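Two complexes come next, and they have one chain in common, chain A, joined by chain B in the first and chain C in the second.
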Partner chain A sequence: MTDPKTDPMKDQWLPVSMSADLGPARRDTVVMGVPVTIWRASDGTARAEAEGRTLAVTEDYDHLWICLGTPALPLFDIPEARQPGRRFVPCGRVRVACSPLRAIENFLDIAHFPFVHTDILGAEPQTEVTRYKVDLRENDTEVWATKVEFYQPQASKSATGGVLTEYSYRVPAPTVSVLYKTCPPRPGERDVIAIFVQPVSETVCDVWPWMALFDDESAQADLVGFQQMIFVQDRSILENQVPALLPLDPGREIPTRADLTSVAYRRYLKAHGFTYGAELVPA
Partner chain B sequence: MILHDWILSPNCYKVRLLAALTGQPLTLRAVNVHPGRDHLSDSYLALNPAGTLPILEDGDLVLGDSAAILTLLGARAGAGWSGQTPEDTARIAGWLAFAQDLSGSAGQARAIDMIGAPGSLPEAQARGRAHLRRLEQALAERALAGGTFLVGETPSIADIACFPHVMLAPDGGLSLAPYPAIRLWSRAVRALPGFIEMPGIHRLHELSPEPEMETELR
Partner chain C sequence: MPDPILWHPAALSRDLPAATVMPTACGDVEVALWRSAGGRVSAWYDRCPHRGMRLSHGFVRGEMLSCIYHGWRFDTEAVCRKIPAHPDLTPPETITVPRFRAAERHGVIWIAPRSDAAGQGQEAGQGQGRGQGRGTLDDGDPAPDALPPLPGDLGPLRSLQVARDGAAVADALGGWHARVAGGVHVLVQALPGGHAALHSLIDPEGDAIAASRRLEALRRDLESEAAA
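Our next item is the complex of A and B:
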């Protein structure tokens, strides 16, 4: 097991609540096995404490983020989220009994769409993941996958009929993934869909899906429901993945070409020493 | 008919499923239950003082309880969905009550485990396990007597009322592996014409012919 006291994940910003749910009443949560208390002070600022210490906090993207140690970087930027006209859709937390890293890796995977999100994000027989591009950016602190194309019967709540959807994936922090995809009502823009993952322990996480969309039509409840439908279709799969901890040893599993993003993500975790939720690699 | 609905609610899915199986069209109105808690807003409490979903509106008729809604749709569907004899109708009523117990046990375990609803997870799981064992026993006895469904020769609202919470029990940490009769019954329900899924309840992928087989047959 990885020691949460030394893993660099303790110096990352980790999500713990929706901003809207934070009130004066203190609430307890758990981050990397550490009990954390959160609340909103009378001056309106968010507060967090753990083990008698005051924690660094920041609020953005409709969520509260805490850092158990010393923040290694400012909270990642999603410039598209600052564009006027976007709707923000926090979807509430879903607990999953899986490694926080596996939750991210699943989000990065396209090949499962026709089988798990059948007739929505994919459908047989259009199962091929064509060649796409993966690179590291921002001084190797971010994983990017671009030019990912996939046929989708119902790509989003606002989609009417099947479209060839283009995706880009971005991992700006070890427990955050942001995807950009074709926005059916506004072809020039990209919808932003993210998952913010709170590592509760190495094998349990709370996932906070969040979206920033151009969609003037759909009701908020429809947008939330669509994203919850997609995410909960993944939940039982994630809870049954073996081994529970994400393998970082390249000899442990045999990837295919469709797994390029996953390979890059695992390499990035290993390079930065993010082993909380991962199988330890023999030296 | 308007169904005020939440995609992740087993009780809402019961209604969507029965409507799909019996060809009764519904207009779905999504409610932001989690995280929005919109079902507890003044307008929804006015519609259903119990503060729960699903809610069915059909003209002047407003039903805020899934068993009541299943009873209505089953009676309209005919063909045995509400029982062919007084005895079967009474047996079905018994299973509708049992489905409420499932909701308060396996269903509660799922809500605690998945979205942080209040309550004790081990206690809800223990109650859920006891109910699953009861259902397993009943279905095993039905199977020995040559029956596939809970009551009578055909599927009824008894099956539809119990099916969602049973199938979603693994979401609350309750494995279905120990219950072969439940698994066989689940296959029968999922094989019904018009069956629809919900997140966590999958269609029968394994019954579709494989693409290679189709090629060979051609």
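Our next item is the complex of A and C:
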């Protein structure tokens, strides 16, 4: 097991609640095995405490973020969150009994669409993952995958038929991933869908999906429902991977070219020592 | 003479129809047990070598088992034959799943560890299935004395799970194979996590409904003894 007291994840910003759900009543949650109390003070600011200490907090992207240690960096930037005309859709919490790192890796994966999100995000026989590009940016603190193309029967709530969708993926922090995808109603712009993952323990996480869309028509409840349906399908996979912890030893599982993003993500975790939720590599 | 192979009862044949897969276990190792459309039974380590997904959640098409996560397709020798993300690629034959022996007798599916390369990884529970070559052995018939002495005319009754350690259940029943009232034969299978399965067979003239109720009572007794 990784010691939460020394893992660099304690110095990351970690999501614990939707901002809208935070009120004057104190609420308890758990981050990296540590009980954390959160509330909104009478002056409107968010507060968090753990083990008798006041924690650093910040609010952005419709969520409350806390840091158990000393923040290594400011909260990552999603420039689209400041772009006029977008609708912001926090989707609520999905509890998954899996490693927070497996949840991120699954979000970066497209090859499973035809088998897990059948007839929605993918369908046989269009299963091919063509070559795409993976690189590290921001002084190697972010993993990016670009030019990821996939045929999708119903790419989003607003899609009316099959389209070839182009994705980019970004990992700005070990338990955060942001994807950019073709926006059917507005060619030239891209929908933004993110998952903010709260590591409850090494094998349990709360996933907080968040979207920034150009969609003037769908009801908020339908957008949230669509995203919840996708995540419930993913959960049936995530709770049945063996071992529960994400293997960082390259010999433990067999990747292919379609898994380039996952390979880069695992290397990035290893390089930065983010082993909370990972299977420790034998020396 | 080599050590006798230890065969574990894994399921009633009737409960694994053609083109289906189910989870079971061999000792502490989780196993995916499946039957091809043509009827062949296979027992593998319950883990896809790609991303660790349990293969018992997969699906059978024809003579292949597919992983539900990315659709990787394995033939009855547990060799990967198709990676849907790369339809034009012929997967290297080194991508395999460690497997067990599997045989059917008396309407029961029996499984046993393999000692050859095709079974490598089972004991350690690692099961990488990589670069291990392929076993040349067939699944093999159980030696005549390797299975309990069961009469030839028994029919399947039912399988049920008991929340009690397999060895303790066998102790309480007087053996891993036991005859209980009503012409019922019970085969005990140890499962991981201190559980057991009872696979039961019944004489042709036995009363299946009464016997099934007695088995439920037996389960309650076994579980309450454990709690006592």
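For the reader, a short list of remarks on this structure follows.
Keep in mind that, in the parts below, the second predicted complex is superposed on the first by the 283 of 283 C-alpha atoms of A that agree within 3 Å, B and C clash if a C-alpha of one lies under 4 Å from a C-alpha of the other, contacts with A are read in each partner's own complex, and residues count from 1 in each chain.
Definition applied: a residue touches a chain if its C-beta (ideal position, glycine included) is under 8 Å from a C-beta of that chain, and two chains touch if they have at least 3 such contacts.
None of the values given here were measured: they were computed from a predicted structure.
Look at A:Thr256: by the touch rule set out above, it reaches chain C but stays clear of chain B. Of the two partner chains placed by superposition, chain B and chain C are both touched by A:Phe115.
Contacts of A:Gly52 after superposition on the shared chain: neither chain B nor chain C is touched. When the two structures are aligned on the shared chain, A:Val129 is found in touch with chain C, with no touch to chain B.
When the two complexes are overlaid on their common chain A, residue A:Gly188 makes contact with neither chain B nor chain C.
Of the two partner chains, chain B is the only one that A:Arg235 touches; chain C does not reach it.
In the superposition on chain A, A:Pro74 makes contact with neither chain B nor chain C. After overlaying the two complexes on the shared chain, residue contacts for A:Met18 are found with chain B alone; chain C is out of touch. In the superposed model, A:Gln220 makes contact with chain B only, not with chain C. When the two complexes are laid over each other on chain A, chain A has residues 115, 124-125, 236 in contact with both chain B and chain C. Contacts from chain B toward chain A in the complex involve residues 6-8, 29-32, 34-36, 38, 113-116, 170-171, 173, 197-200, 203, 205, 211. Chain contact summary for the complex, chain A toward chain C: residues 109, 111-112, 114-116, 124-125, 127-129, 236-237, 240-243, 247, 251-258. Chain A contributes residues 18, 20-21, 90-95, 97, 115, 118, 124-125, 219-222, 224-226, 228-233, 235-236, 239 to its touches with chain B in the complex. Residues of chain C touching chain A in their complex: 30, 46-47, 49-54, 57, 66-71, 83-87, 89, 95, 128-130.
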